[in-house]
Amino acid sequence: MENDNTLRRLKTVEGHLRGVIRMVEEDSYCIDVIRQIQAVEAALNKVSSMILEDHLNSCVITAIQGDDQKERERVLKEITEVFEMSTKV
Amino acid sequence: MENDNTLRRLKTVEGHLRGVIRMVEEDSYCIDVIRQIQAVEAALNKVSSMILEDHLNSCVITAIQGDDQKERERVLKEITEVFEMSTKV
Amino acid sequence: MENDNTLRRLKTVEGHLRGVIRMVEEDSYCIDVIRQIQAVEAALNKVSSMILEDHLNSCVITAIQGDDQKERERVLKEITEVFEMSTKV
Amino acid sequence: MENDNTLRRLKTVEGHLRGVIRMVEEDSYCIDVIRQIQAVEAALNKVSSMILEDHLNSCVITAIQGDDQKERERVLKEITEVFEMSTKV
């Protein structure tokens, strides 16, 4: 995984989320809080996509070019699973 | 693509959607219409996941085991793209 | 419900979905099919939002300005429910 | 807003997110990280729904029962907007 970029983005999201917590503590307007939560989720979606891209270009290529059929199937199954879950969150 | 199963499901979704149209024509309760639209979307998500699974187990394996690096990159890029889009619809 | 606009949009979506079915029958490229399904879902989301908007400006106002507390609670509960479901499809 | 419950949940999500950051620092398996990010998003969706529910049962009722038509329209417009955005994140 390209750790540095992913880490940097996740820490930005953490700061964003802490800002949301502060908004709630300060009794901010509900709709503004919901909008910021949605912005946090959009940022998390972006991080997930980047991690998946790295994963496809490393582990998945290795598994598919390798000799272990079980491993190949496992790796591809996981991608379908996270795709399916992504339509639900 | 495992056409038969995909086709059958998509035709079921089409019937479901036609039912939604009838509901609107008959002036059904708004919230019931929204719920049925959400059910149609959940069914479409399921179809997308199935198509992706077939795609991974055919085209993607072929591309990754093949010699064409450009093609390999293209195929993996597409998966990240549909994943990213799936978080947006 | 503003039936005409909603109906017109839903029939456009139906045509779009029929196009997706044709793509599968003609054995189109998997990723292109997934992208079109995602476009159908985005269009359905738009229709849901429009129906909700009409609903808020009619039934919800009536219920909240009315004397029936139970009805008021029911109507507001439904909105939370479709919102929560919208994050899952 | 029912601050206490919302705050508690958001702080739990913050802890969860910090766990995800640790996973990336420790070079955890990509798919496991994506799954945890999706769990964080599901938790955030739940918080948004709860905030919306409180909002409907307070500000929205007040606005709709009040005399200010502009305010009423504003409040209802916002709900459609967060609903529409919720289908995109």
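Each chain gets a letter, A, B, C and D, in the order it is written, and its residues are counted from 1.
One rule holds in what follows: contacts are C-beta pairs under 8 Å (C-beta built on N, C-alpha and C of every residue); 3 or more make two chains touch, one makes a residue touch a chain.
From a predicted model like this one, the values you see are computed outputs, not experimental measurements.
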- Message: Quick check on the contact network: minimum steps from chain A to chain C?
- Response: 1
- Item | Of C-D and B-C, pair with higher C-beta contact tally | B-C
- Go ahead and note the Å separation of the Cα centroids belonging to chain B and chain D. 26
- Message: I'd like the Å distance between the centres of chain B and chain C, where a centre is the mean of that chain's Cα atoms.
- Response: 17
- Provide the C-alpha centroid distance between chain C and chain D, rounded to the nearest whole angstrom. 21
- Which chain C residues sit where two or more other chains touch them? 45, 48, 52, 79, 82, 86-89
- How would one label the connectivity among the chains shown: line, ring, star, complete, or other? complete
- Task: Could you pull out which chain C residues touch chain D in their complex?
- Result: 45-46, 48-49, 52-53, 56-57, 60-61, 64-65, 72, 76-77, 79-80, 82-84, 86-89
- Note on the structure: So, in the complex, the side of chain B touching chain C is made of residues 1, 3, 6-7, 10-11, 13-14, 17-18, 20-21, 24-25, 27, 30-31, 33-35, 37-38, 40-42, 44-45, 47-48, 51-52, 54-55, 59, 78-79, 82, 85-86, 88-89
- Note on the structure: The chain D residues in contact with chain B across the complex are 87-89
